[in-house]
Amino acid sequence: MTPMPMTQVPLLAVRGLTKRYGERVGCLDVGFDLWSGEVLGLVGESGSGKTSVLQCLAGRLEATAGCADFFQRDGTIVDILRLPEAPRRRLARTDWAMVQQNPRDGLRMGVTAGANVGERLMAVGERHYGRIRREALDWLGQVEIPQDRIDDLPGTFSGGMLQRLQIARCLVTRPRLVFMDEPTGALDVSVQARLLDLLRGLVADLGLSAIVVTHDLAVARLLAHRLLVMKDGEVIESGLTDQVLDDPQHPYTQLLVSSVLQP
Amino acid sequence: MSGYNFAYLDEQTKRMIRRAILKAVAIPGYQVPFGSREMPLSYGWGTGGVQVTASVIGPEDVLKVIDQGADDTTNAVSIRQFFARTTGVKTTTRTDRATLIQTRHRIPETPLREGQIMVFQVPIPEPLRWLEPRESETRKIHALEEYGAMHVRLYEDITLHGRVATAYDYPVRVNGRYVMRPSPIPKFDNPKLDRNPALLLFGAGREKRIYAVPSWTSVKSLDFKDHPFTIEKWEQSCALCGAGDSFLDEVIVDDKGGRMFVCSDTDYCARRREPTR
Amino acid sequence: MSESAPPAIRIRRLAKSFTLHNQGGVTLPVLRRLSLRVDAGECVVLTDPSGSGKSTLLRTIFGNYKPQGGEILVRHGDRLVDVVSAEPRQIMDLRRRTMWYVSQFLRVIPRVPAVAVVAEPLRALGVGRADAIERARAILGRLRIPERLWELSPVTFSGGEQQRVNVGRGFIAGHPILLLDEPTASLDAASRAIVVQLIREARESGTALLGTFHDADVRDMVATRVVSLAEAETEAA
């Protein structure tokens, strides 16, 4: 029997990621590989450590220990946990994106929708107004925001539309890695379905890799190919999404899965 | 004038400001913090400009002070007299005869030459303040050259007004590196900043910043490729001297709304009318 | 190809049990040392009464359930992959190109139209959108789903209609291995006949099928071999 050859390098290889807050543990010894085109779900309840993992990888928190090797567009590998601020911010603007739970945290509420979407393009040197506007219009279409809202301020948008605007703003530079922190957390249930459908479509069409933090197993099942189940800062189970949710092995995972209310 | 040091400021202060100026000249467009002193005029009236001038002025200098292009407004007169009293230097209204020019909100039409110093009065030095209130964050943005948001501002203008609506204090890129506010000069004057032979110094007293554009430095106004930077144009010429290439002020002459357009630069206008004087 | 080509699926000493930690830690053994092989062109049908683990076996082969021991060797292109020890990434690739599982329920995602649901396995293989949609339409037509339903989400479909969408999705990409779990459960006679045809065509083109069929008639029409789990558990590897 021959194993399938692994000729590729993972997009992100995390080892021993640990975050301590004094005596308290945020996350402990977390490790995983994330491959191109793959969505990884981090699930668990509040305090499980899933948000600490995300924030450390996204550069918003300083990790206590561990490494995270990121395979850059130019073929070099860099440990993003040890990256100096300047290159990290540059990566955050170009090759990564962060979709926040509350879209207001990820948008400029004081400028128009078009400017919000176009900003990253301008940040990487796009200097043609017409082209910026065309791309902004195109992206508004892709996230199902009516194009005539391009010159409106986001303050006039509904919650679902704000979140879709945030997604457009994040994806305009075609990042290869997207971090999502409870992307549907702030939305009404009826609006969530539309957003999840959009995310699924975009991830598939653009070949994105994503790390999605969620406490909602239905969201995890819909979006993620693989899951890491976290409890008290540690990964207690991992595997294919459908396997972890249909045949959970760990007692805690079984508890989590069986606790989901069925309407 | 007894009881006061030459040019009002003590030598230690002048030394501190000169160090700041040297640093500013070494890093064109970069805002250097300095220990702004209390001056005998209020914040908002040119304390920064006055401190810079006081630090660079010497007994052999010939000083010109203008306000909105004119030598005879109250502010220009006050500041000119202040320096006359505290230094005893010669003063002039002629741009070509001055070695040191302090200005509020205009660059003279007469081209400057190498060896001249122009000091600008700056209210708000930070071009990103509209976007980001935190000083810690704007410093990072400058350090990391993350100027995408500056173009967001221009984008918004074009979106809302069809063109960039900023008419004065129009942001520029200095030496291809730092984005700078040239002080509230009309955008008409921006092209004069580019490769100017004179040394341009900028002082903000209330905000406690000094920055500089050394001689012959490139200064480019921000724009889009398909919405390039343009300057104001008038259909009229100056009613007094006939100039068609200067910045014109609109003056209301009677209660019936009668108006005329005259050069904002009083010295330039006077020179054109009486070239031999 | 040699006369004794390697099997599409070879299972050796497969063990699968369920431990319910939150119900006193009780362990339910379902599959014990099971061995089975399925070759290309075969349709092997499992004949045990319900509840005996047929579904469990199919899901375990698919990687949906996690076994406690044994081997499940699947021919993936020109290599053999052991599902039991494979990494999630490998199993995802297996499912994309080689092996598909048709259950008796369609997991419906709101807003996704039937034709897109059916086209998805082709899209995952890199087939262009227009081409994939066209082939999806063809198979939906064959399965007698009315055209007016094609652009609607199956959320509002009847059980039989949903199941036909499920079947269409399973057969469209021509996976070399198909695991069928009561695929005709909620179908009327006419629809069952179409599914039988699809199975036969797949068999003839070299697909290896392993399935369970509640309906004896259907079983008789499609099976090339009939096996019971009990037999498979005592069979030497």
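The letters A, B and C name the chains in turn, as written, and every chain counts its residues from 1.
Just so we're on the same page, contacts are C-beta pairs under 8 Å (C-beta built on N, C-alpha and C of every residue); 3 or more make two chains touch, one makes a residue touch a chain.
Small disclaimer: the values here were computed from a predicted structure and weren't measured.
Enquirer: Which word fits the touch map of the chains here: line, ring, star, complete or other?
Expert: Basically the chains just string along in a line.
Enquirer: Quick check on this structure: which chain has its C-alpha centroid closest to the centroid of all protein C-alpha atoms?
Expert: A
Enquirer: Which integer distance in Å separates the CA centroid of subunit A from that of subunit B?
Expert: 47
Enquirer: Counting only Cα atoms for the centres, state how far subunit A is from subunit C in Å.
Expert: 32
Enquirer: Could you please state the distance in Å, as a whole number, between where the Cα atoms of subunit B are centred and where those of subunit C are centred?
Expert: 77
Enquirer: Note the residues in subunit A that touch 2 or more other chains, in rising order.
Expert: none
Enquirer: Going by the contact rule at the top, pick out the subunit C residues touching subunit A in the complex.
Expert: Its residues touching subunit A are 18-22, 59, 63-66, 73, 76, 79-82, 86, 88-93, 109-112, 123.
Enquirer: In the complex formed with subunit A, which residues of subunit B make contact?
Expert: Residues 140, 143-144, 146-149, 151-152, 155-156, 158-160, 223-227 of subunit B touch subunit A in their complex.
Enquirer: Over in the complex, which subunit A residues touch subunit B? Could you list them?
Expert: 85-86, 89-90, 93, 108, 111-112, 114-115, 118-124, 127-130, 132-133, 151
Enquirer: Using the touch rule from the top, collect the residues of subunit A that touch subunit C in their complex.
Expert: Per the stated touch rule, the residues are 1-4, 35, 38, 193-194, 197, 200, 204, 222, 225-226, 239-240, 242-243, 246-247, 249-251, 254-255, 258.
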